[in-house]
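Labels run A, B, C and D following the written order; every chain starts at residue 1.
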Amino acid sequence: MDFIAPLIFVILAAIVVAGGLAVVLLPRITGSALSMGLSFLGMAGLFALLGAETIAFFQVLIYVGAITVLILYGVMLTGVAPAGADRRLFFQKQAGWALVPLKFVGVVATVFALSFQSNVVQQPGGDLEPLANAVFRDYAFPFEVASVLLLAAMIGAIALVKRGDD
Amino acid sequence: MPDYNLSYFYVFVFFAVGAFVVGALMTVSRIIAPRRPTPEKLRPYESGEEPIGQAWGRYPIHFYVFALLFVVFDVEVIFLFPWAVIFASLGWYGIVEMGVFIAILVVGLVYAWKKDALSWY
Amino acid sequence: MSPPGVLVPGPFGIDPLVWVVLRLLIAVLLVVGLIFNGALLQILMERKLQAWAQDRVGPYHVGPWGLLQTFADALKLIGKEDVRSRFTDAAFFLTAPAITFTPMVAAWVVIPFAPGVQGIDINIGLLYLSSLGAMGVLGIVIAGWASNNKYSLIGGLRSAGQLISYEVPQILSLVTVVLLAGSLQLTKIATAQPGLQLNLFILPAAFLTYFIAALAETNRTPFDLPEAESELVAGYLTEYSGMRWGTFLALTEYGNVTIVSSIMTTLWLGGWNGPLVDQAPILGVLWFTLKVYVIIVAFMWIRLTLPRFRIDQLMNFCWKVLIPLTLTNLFVTATLKVALPAPWDLIAIGILNWGLVAAFIVLIPRLQRRRLERLRERLRTERERTLAPTA
Amino acid sequence: MLSVPLGWFIAVSSALFFIGAAGVLVRRNAVVILMCVELMLNAANLALVAFSRRLSDATPRGSVFVIFTFVIAAAEVAVGLAIVLAAYRNQPTVEVDEIHELKG
C-alpha cells in the first residue's frame, strides 16, 4: 500500500502544474480561467494529502467557489476584447521566457536539496480545532485587521464600480 | 475513528466516478442518438430571429458588485466555521471578537446599500 | 456496516483488505443507483402531485398508473439528437454539465443514512458539503458563457448572481446549527438531537432561512429564474439538448434537491433518529428516507403554490432581508449560548427563534405593502403633475 | 502511513510560483495577469502548509498564515478586477500596455 500516496501525489501535482501552465499558455481567456480552477482544485487535493483537511476545503470554498467565479464574471463583463498591436516594452517577453530555464534549475535544485531524508510528518486530520485556537487566541489582532482590510477592499471596489454609473 | 487517508481516498474516487458517469452517459448518447445537422439547427436559438453578432460582448459592470460582496462574505464564512466549533470555550472573549469582525463587515454592507449597489437592474 | 478503518474486518469474516475495496465498490454502486432512481422517482412524483393539485390525471399511458413514464422519458433523452450550435465554445460547452454533476455525486459520500451506513464520516462534513455546493456555480457560469447565445449569457449571469448570493445565508444558517452541536461532523450533529429535542424546535428561524436559501440554490420555484421559461427562453440551458440537457437539469437538479433535503434532515430533523432505531439500527435508513421525502414533497408543494420572483426582488430579498436576518440569528444564538447555563440557553434560544419566525411572517407582507403604497403614491403625484393644466 | 517527502511539495510549489511569475511577465491581458498572481499566492500557500505540517507545532502557524493569505487574495482580486473593469469602461481594452489614461 506504500505506493498509493506517492501515486496520488503525482496525479495531483500533475493537475496543479498542468493547470498553471495552461493558464499562461492558452490563448483564450476562458481557457485560462477554467484551468486556473482546475489547478486550485488539485491544490486542494495536495492540502488534503498533507493532512490539512480544513485548509483544503477552505481552498475549494474560496478559490474555486469564489475567486474563479469572480474572475469569470470579469471575463463575461469585458467580453472577448479585440487583440491590439503588440506594443509591450521590448524586454518584457524576453525576460519572461528567460525565467523558464531558471525555473527548472530552481525546481531540480530544491528537489535534490530537500527530498532525500525528510518525510512529511502527517497527523491524520483534525486540524480544525488547533487552527481555530491559533486564530482566535494567538492571532486575534491580525484577525480583526483582516476585517478592516476586507472592508477597505469592499468599499474601494464598490466606489470604483459605481463611479460614473449615475 | 475513520482512517484519514482512506476517507479522502473515498472522496477522490467519488469525484472520479462523477466525471466517469457523465462521460459514459455522453458516450452512450453519442452512439445511440442520430445526428442530422442542418444550418438552421446549428444556429444559436434566439426565438427564430437571425442572431446579430456574438453574445460575447460588453455587459453593464454593476452585476460585478454582487460577486464582489459574495467573495467578501465567503471569506467571513471561513472564519465563522472554526469559530463556531470553539466559541463555547472562548466565552465572552470570542463573542466580542467575532462581533467586532462582523460589525466591520456590516459597515461595508450598509455602504453598498446606501450606494444603491444592492439593486439589480 | 462499520466505519472504514484500515484493519476493520468485514461482516461474515471477510478479509480486512478485501472489505475496504468491497465497501467502496458497494458505496459507489449504491450512490449511482440512488441518483438515477431518485431522479426518475421524483420527476414522476412531481408530475403526479401537480396533476392531482390541478385536478388532472397526469401521466398514465406508460405502464400501470404511468409508473414507467419517466423511464421512457430517460430513454428518449438518451436517444435524442444532441444539437450543438456552430458558434459555441466547444470544450467548455461539453465540460459544463460535468462540472455541475461531479460535485453533486461527491456530496453523497458523507450523507449519513443510519449509524454506519455512510460512505465516510469526515469530521468536517458540513464544510465539505458547503464547499461542494460552491463548485456547482462554476458549471452554470461556464455553460452560459460557452453557448454564445444572448439568452444563455444573461441567464448565466443571473443564475450565478442568484446562486452566489443565496450561498451566504445558506452557510450562515448551517453555522447557527454548528453553534449548538459544537462539531462539523454530520453524525455528531444528528446524535446531538435525542428524542424530540430536535433542532427544528430550537432553531426554527435557521431552518426557515436555510429552506429558502436551499430553494434558491437548487433553482426550484419560486426561485427558478435561471430557467425562467417566459423571459429568457431557458436561461443558461437554452442551447442544451438531448442527454446533455438531461444530465444538467434532471439528474443534477433532483440530485441536489435530495442532498439539501438530507442536510436539512440531518441538521434539523434528527437524521436517522426515530422509534425502534436502538433495537434495529437499519431501521434508521427508513426514517431518514421518510424525512427526506417529506421535505422533497414540501419543495413540490411550494412549486405548486407560489408564483416566480422577479430578479430584482430576488436579489433584494437575499441581501436586504435574508442576510441581515441570518447574521442577527447567528449572533444572538451565540450570545445566549454563552450567557445562560445549560438547560436555560436552549429554552431562551428556542423562544427567540420562534419570535424571529413570527416577526418574519408578520413583517414581510407589511413591508411589501408599505413599499407598494409608496410606489402608488409616487405614481399618483406624477399623474397629477402631468394632467395639471400648464400655465 | 503517508510517505511523500517534503521536498516534493516544495518542488511543486516552486514550479507553480515560477509559472505564475513567468505568466505575469509574458501575458498582456490584465485578467490573466490577476490569475497568475493568484497562482503565485497559491504556490506560497502550499509551501506554508507543507512546512507547517512538517514542523507540527501545537499552534499550526503555517496554516494560520494561509488563512490570512486567503483574505488577502480575495481582497486583491476584488479590487484588481474592479480596477480592470473601471479602466475598461473608459477604454474598451484589457491589454495592460494599452491602458494609458488612468484618469476617468
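Operating definition for what follows: a contact is a pair of C-beta atoms (placed from the backbone, for glycine too) under 8 Å apart; a residue touches a chain by one contact, two chains touch by 3 or more.
Computed from a prediction, not measured in an experiment: that's the story for all the values here.
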Which of A-C and B-C has more C-beta pairs touching across its chains: B-C
CA centroid of chain A to CA centroid of chain C, Å: 29
Centre-to-centre distance between chain C and chain B (centres being mean Cα positions), rounded to whole Å: 14
Whole-Å gap separating chain A and chain B, where each centre is the average of the chain's CA atoms: 17
Gap in Å, rounded to a whole number, between the CA centres of chain D and chain A: 5
Residues of chain A whose C-beta touches two or more other chains: 5, 49, 51, 53-54, 58, 61-62, 65-67, 69-70, 73-78, 125, 128, 131, 133, 135, 146, 150, 153-154, 157-158, 161
Shared interface positions of chain B, touching two or more other chains: 3, 5, 7-9, 11, 54, 56, 58-59, 61, 63-64, 67-72, 74-75, 77-79, 81, 85, 94
Chain D, residues touching no fewer than two other chains: 1-2, 67, 70-71, 74-75, 77-78, 81-82, 85-86, 88-89, 92
Which chain pairs touch, all of them: A-B, A-C, A-D, B-C, B-D
Residues on chain B engaged by chain D in the complex (per definition of touch): 5, 58, 61, 64, 68, 71-72, 74-75, 78-79
Residues of chain A that touch chain D when the two form their complex: 2, 5-6, 9, 13, 16-17, 20-21, 23-24, 29, 32-33, 36, 39-40, 43, 46-47, 49-52, 54-55, 58-59, 62-63, 66-67, 70-71, 73-75, 77-78, 81, 83-84, 87-89, 92-93, 95-97, 99-100, 102-103, 106-107, 110-111, 113-123, 127, 130-131, 133-135, 138-139, 142, 146, 149-150, 152-154, 156-158, 160-161, 163-164
Chain C-facing residues of chain A, complex: 28, 30-31, 34, 37, 53-54, 57-58, 60-61, 64-66, 68-69, 72-73, 75-76, 125-126, 128
Sites on chain B touched by chain C in the complex: 1-3, 6-11, 13-15, 17-19, 21-23, 25-26, 28-30, 32-37, 41-47, 51, 54-56, 59, 63, 66-67, 69-70, 73-74, 77, 80-81, 84-85, 87-88, 91-92, 94-95, 98-99, 102, 106, 109, 113, 118-121
Of chain B, residues touching chain A in the complex: 3-5, 7-9, 11-12, 54, 56-65, 67-72, 74-79, 81-83, 85-86, 90, 94, 97, 100-101, 104-105, 107-108, 111-112, 115-117
